[in-house]
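Read through the structures below before going on.
Here subunit A shows up in two complexes: once beside subunit B, once beside subunit C.
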Partner chain A sequence: MAGSGKDFSTSPLTEEDLVRYSRQILFPAFGEEGQRKLRQAHVLIAGVGGLGSPVSIYLACAGIGKLTLVDSDAVELSNLNRQILHGEEDIGEQKVMSAARKLKKLNSTVEINPLAVRITPESIPGLLRGINLVVDCLDNMKTRFILNEGCVQAGIALIHGGIAGMIGEITTIIPGQTPCFACIFPRDVEGKKPFPVFGCTPALIASLQVMEAIKLLAGFGELLTGKMLYINGERMECTQAPLQKNKACRVCGGGNI
Partner chain B sequence: MNVKVKLFGLLPRRFPGYNPEQGMEVLLPQGARVKDLLARLDISKEEGGIVAMNGLVQKADAELRDGSVVHVFHPIAGG
Partner chain C sequence: MIVEIKVFSTLKRYVAGSDMLVGDNRWEIPEGITARELGKKLKIPDKEIKIIIINGRKADDAHVLNEGDSVYIFPPLMGG
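On to the complex of A and B.
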């Protein structure tokens, strides 16, 4: 938990770490150096629902040094088909607290910072202080625009994921290098809520978000930048739409579209 | 004029028989704009339909060219 005393992020890998993470350290492009980079990272997970549950589980198990969880909602019965960090006994509890408890059991060496607050234009600069990477696990466009603008201003990479039914989308945004969220979606449009979804859909997209996070933090592989990957589970099809930075982008391009 | 349309996200299911590899040809009047294409595809403004050419998102009044390949998508907002 936050303020638990020991700063795990700067401590060297222990004998226990070398065993715990041995199967990923075996990956040639990753190795002990990659593991150390994960240990030094502070990742913010925006939303601990359908996407945020598996994202935080896999990031905790992979040995990220510190995870900040941000979500102002409490667990509801209708969440349980997909939000796998939460169970029946957690209904009514703040999602970040329910999540922190489970994540700590999975990996006690990861520092978990649960914040039951809303992401707003006022709160975002403070939330992003000291953060190396943000994973977008939100369920609405309005907050995504706030998160994107905060990340662009702070120069922090953002891994976007979105889901509906059996379909998901994902792209990695690196401020200054790739199109930002507002380059891709210039206008704020709200989807219908509640949206239909199976639990397997966020699980799939979340796994891809974590792959991007590990590669980005450890510095290997090819990132999903400059394109949106769509996975259609209904038809078992994967497609990609190329994307370019928009010089007229109101967030990163210095103008109005 | 003809434009080749490739659909993404939740849009392909609206067009039975749509082939994601090939996309589909859409016949439009000469001088048609992005908003005309969205109207032809029956994608309302509220749905946030986005039209991109070569990866660049186009404004609603941008003119389309015969033979262009356009990508059409909209945000998938759940999480």
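On to the complex of A and C.
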């Protein structure tokens, strides 16, 4: 896998692992080998809010080896309708610390690396060192472009999710193979803040991001590469838009990297 | 000329009932129209941020459409 020099096949599963993850190990295309691959993976979750809460919960419960959580914000009361890792007692605390505490309770065998830092052009190369996969759970376009550029340069797969109201979008970006974020999105736009959202919308898109992460890390199934899945919960419509590389893309150049 | 256009989510309300729609996602549009002009024709306000994908590729404002093109128009979703 891109960005990884680890040998996924050598990590033995404990007796406890075999019980804990038995229901997913039963999945034929996954099995014990898939579980070992998750155990060896180091996933970076960019943003621990509406998307990042369920993404980190399901990745921790699935037995990812190490999760790095990156978010510089503190918990606010207005977060609590959707950011399900945080509660009333956490208001004012750094989100990554609040999240790390809950995730450790859910699965103490997962290594959690909470980083209350901003994602900037300066910080991104260091943040991505040793990372196998990045999940985009951010809430603004500017940081998404920085994250995308870092992932393209480091050759690390990126699962993009975005939401508004009852609508969500998701695509999986594999540098060198698929269009990157900058191939698709306009650079000069930023949405209104605060944006409207129900908690169920990020929950839905986050679940799909985790499905993509598990398939990508374990190496089975079909990925949402070269297409954007668009879900409109208000109308219960689901559509896919085909995407191709932009040959003039200033980030990935549109070709093989 | 006839092109296939799919408009997603919040932008859909602008194009509902358009007389340019001649079939299932099939639209009759003027020859030589650009992506920017298409947005205007579809009555999607300029202030609405939209991504126009033509035959899989992001189209800039000056992109000229051709007969049979496949067009997807959707707003970027920035929340997370």
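For this structure, a couple of remarks:
As a working rule, the second predicted complex is superposed on the first by the 241 of 257 C-alpha atoms of A that agree within 3 Å, B and C clash if a C-alpha of one lies under 4 Å from a C-alpha of the other, contacts with A are read in each partner's own complex, and residues count from 1 in each chain.
Basically, contacts are C-beta pairs under 8 Å (C-beta built on N, C-alpha and C of every residue); 3 or more make two chains touch, one makes a residue touch a chain.
As the structure is a computational prediction, the values presented were derived from the model and not from experiment.
Using the contact criterion defined above for the overlaid structures, shared-chain residue A:Arg187 touches subunit B, although it does not reach subunit C. By the touch criterion defined above, A:Gly47 reaches both subunit B and subunit C.
Of the two partner chains, both subunit B and subunit C are touched by A:Pro242.
In the superposed model, A:Gly161 makes contact with both subunit B and subunit C.
Touched by subunit B in one complex and by subunit C in the other are residues 47, 49-52, 136-141, 161-165, 167-169, 183-186, 189-191, 195, 197, 202, 226, 228, 230, 232, 239, 241-244, 246 of subunit A. Considering their complex, residues 6, 8-10, 49, 51, 53, 55-58, 70, 72, 74-80 of subunit C touch subunit A. The touching residues of subunit A, counted against subunit C in their complex, run 47, 49-52, 136-141, 161-165, 167-169, 183-186, 189-191, 195, 197, 202, 226, 228, 230, 232, 239, 241-246. Residues of subunit B that touch subunit A in their complex: 6, 8-10, 12-13, 20, 46-48, 50, 52, 54-57, 59, 71, 73-79. Across the complex, subunit B is touched by residues 47, 49-52, 136-141, 144, 161-165, 167-169, 179, 183-187, 189-191, 195, 197, 202, 226-228, 230, 232, 234-235, 237, 239, 241-244, 246, 257 of subunit A.
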